[in-house]
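Below, chain A partners chain B and then partners chain C, in two separate complexes.
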Partner chain A sequence: MSYRHDVRLAGEGGQGVVTGGLVLAEAAAVYEGKNVVMTQTYAPQQRGGSARAEIIVSDAEIDYPKVLEADVLLALNQEAFDRYHHQVKRNGVIIVESAHVGGEYSGHIKVLKVPLEEVSCHVAGTSQSANFVALGVVSEISDIVSASALRAALRARLPQQVRQMNLKALNAGVLLGRNMKRT
Partner chain B sequence: MSYRHDVRLAGEGGQGVVTGGLVLAEAAAVYEGKNVVMTQTYAPQQRGGSARAEIIVSDAEIDYPKVLEADVLLALNQEAFDRYHHQVKRNGVIIVESAHVGGEYSGHIKVLKVPLEEVSCHVAGTSQSANFVALGVVSEISDIVSASALRAALRARLPQQVRQMNLKALNAGVLLGRNMKRT
Partner chain C sequence: MPTTIKQPKQSARFMQGNEAIAEGALAAGIGFFAAYPITPANEISEAMARELPARGAVFIQMEDEIASMAAVIGASLGGLKAATATSGPGFSLMQEQIGYAVATEIPSVVIDVQRAGPSTGQPTFGAQGDVMQARWGTHGDHPIIVLSPSSVSECFALTVRAFNLAEKYRTPVILLADEVVGHMRERVSEFPVMEVVSRARPEVHPEWYFPYDNDLGDVPPLAAFGDGYRYHVTGLFHDKSGFPTQRIDEIDPWFERLFHKIEGNTDDIVEVSEEGTREAEIVLVSYGAAARSARHAMKMAAADGKRVGLLKLKTLWPLPEDRIKELARSAKGFIVVEMNRGQVRLDIERLAAGRAAVEGVHRFDGEMISPTSVLKAIEEF
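Moving on to the complex of A and B:
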């Protein structure tokens, strides 16, 4: 029986949605031999505008390349949450940046509120690696991709000067995710 | 009247199809304010396997995010040409890597045979920037994106150590494309 995982990453331009998606896609494709289709959508005024990346990972050919309901949704801002939280599978997970997404959520889907930017600041000295904290969490709370494949793809895809900070953020996310599984 | 340009870049893993596509997508979106959707498909065994990137650029919202017939097809190897040359608009253009794509083409579509890798070696000291030679040609022979937006996106997206060689390759492609328009 073949499987298919659908991931949607959403936020605003500059939050690293596309870069994070690329690393996830290449981790699964190049380092774990999966079929992967990634689609990114750029709205005008990208800087500050909305950004979205969708990644489908499968061990079989991917017939339908669009994400309808996600297994994992990462919502980096309120708009992303409001727009996409209805399009998540019943046994799926929503990871939200707790600094930017507020309010109570009364649905049936599991929502993990994580201070991604704060963790990123703490371990990497910048909030800009919040996307990689999120990827670390994803690797632990789901079966989509392993942390070691993410590390390999990160090293291959990103320039040397930002590699270390993003690896630290990724590793912090892995620890966070591991703790979440236990609780 | 709104317009829509469809571009398909195809080759094998390691030829920079995804990186080239990203720079094209971000040039049009971030630096020219267009709506852009990019889809990349990774087949298993990416290194050596086939790689494809599709980019749609429009001044209106993009309803249908798949490329059926391309305005521009870049075929970096024979398999890419054989597979996709039938899916090009009648007034479209196919750019092929002349070192890897042989045979005569009897169709009605304009085919530009360019020694992309040879030009890349000559100006950048490596064949790895052939994808950026191709983007330079695209910027001149079509109205999809300007060379200056490509340069800006290249600087923003690529690590410093490969920026110069790819800029040289891009500029060489622009000159090539300009010559092709004249002949």
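Moving on to the complex of A and C:
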């Protein structure tokens, strides 16, 4: 039986969902040899507006390149959560930035509230690596992509001056994810 | 933390459609690229600006799209394989020059990465609204070749093909991509080595050279400016030497040849891919990004035991008219899946001519057509 993992990363322009998506997709495609298709949607302006990256990982040929129902949804702001939490598989996972996504969610899908930006500030000295904290979590709580492939893709893709801080963020996310699995 | 660095799997690359188009242009031997910036085609220009000067080729950012297409025509007359890339608003501006290239028979490649329109529309959202503009955007009766890729590897292959057809038939060729395919990234292995075609050059003495000699077959050789051949180029109806003429006995054979070189060579020009069409009750007709929705739906329908096939148009114009007529006899009907209000569907209706039913699944708000909406149309057919 072939598999198809649908991943949606959503937030606003400038939060790094497209960069994060690219590293996740390249990790699975180039370093794990899986079939991967990535599309992105963003507003014309560089910052602000909604942004999303959609990644399909499969061992079969991928036709429809957009998310049907997500296995993993990362919602970095409230709008992203409100818009996309309905399109998640029953056994899927929603990871939300706890600083920006509030309210009570009474659905049946597992929601992980993570202080991604706080963790990013703590380990990388900036909130801007929150996207990579999230990727670290994804690698641990799902079998979409491994942390080592993510590290390799990150090193290859990101410019040297931001590589270390994002690696730290990624590694922190991996530890967080590992702890979440235990609880 | 482990520090071992993973090595990439053998020769796999994760690549964007627009990057693959640029690689295709390089593989085809492009020597000149002129364009004006526009989303979602910019990655093509960026790659050209990076790659061409290093190879001794020319990249120029022009003042607008009219000038870009004019520069492409000039460069091609100078003997270089030349292309431009744009999206809807710029494509509109290029139409007059495209007609000039048709009439003067100058090889050129125009890449239109379609976005939602009309007007400036939605720059970062995909659509397929330029299908009829690609066919009929420039005025006057004219033939045209339009190709439509639906994957990253097809972006490469059809770009090489666009250059080859432009050179072989002395005509502008339009590569009609869309935002989804242009910006989509896919894992690709090494691209295949493809045959590369260059225009025929004259071998006769310059005194005896006629750039529009209708007696030399469908495509007379084209001399490059600077090669020592003196000739005239005009958008006016012209005689075999290229000078304006109003003589019917000179215009008619030229017009006849202009159309025949495309319509008489559809075996070579028209490329489709078919899956399950032979036994199909319903044939999905689609192209570009929409073909991915159609193919997904076809597989879902097949899992339900339905006999559904897919006719994917890699060459959009000219259409595979004979094949569509055949399928109109063997299948119950067609469902045309396209990200516009039915631009290809109109022609499928014309070709089906009442022998088979024709329905459409259309969406044009910038989002892709979902496979479930195609499946619904199949179930309700």
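By our rule, the second predicted complex is superposed on the first by the 182 of 183 C-alpha atoms of A that agree within 3 Å, B and C clash if a C-alpha of one lies under 4 Å from a C-alpha of the other, contacts with A are read in each partner's own complex, and residues count from 1 in each chain.
To be clear about the criterion, contacts are C-beta pairs under 8 Å (C-beta built on N, C-alpha and C of every residue); 3 or more make two chains touch, one makes a residue touch a chain.
Quick caveat, the model's predicted, so the values are computed rather than measured.
Bringing the complexes onto one copy of chain A puts chain B in a clash with chain C. Residue contacts after overlaying the shared chain place A:149 against chain C, while chain B stays out of touching range. Contact with chain C, but none with chain B, is seen for A:68 once the two complexes are overlaid on the shared chain. Residue contacts after overlaying the shared chain place A:106 against neither chain B nor chain C.
In the superposition on chain A, contact of A:2 is made with neither chain B nor chain C.
When the shared chain is aligned, chain B comes close enough to touch A:161, but chain C does not. By the touch criterion defined above, A:171 reaches chain C but does not reach chain B.
Superposing the two complexes on chain A places one of the chain C stretches 274-282, 292-300 or 364-372 into chain B: stretch 364-372.
The contact surfaces that chain B and chain C form on chain A in the two complexes overlap at residues 22, 25-26, 29-30, 33-44, 62, 65-66.
Within the complex, the chain A residues that touch chain C are 22, 25-26, 29-44, 62-66, 68, 148-149, 151-152, 155-156, 171.
For chain B in complex with chain A, the residues that touch the partner chain are 13, 18, 22, 25-26, 29-30, 33-47, 62, 65-66, 158-161.
Residues 1-2, 4-9, 12-14, 39, 123-125, 180, 183-187, 289, 292-293, 295-296, 299, 368, 370-371 of chain C are the ones that touch chain A when the two sit in their complex.
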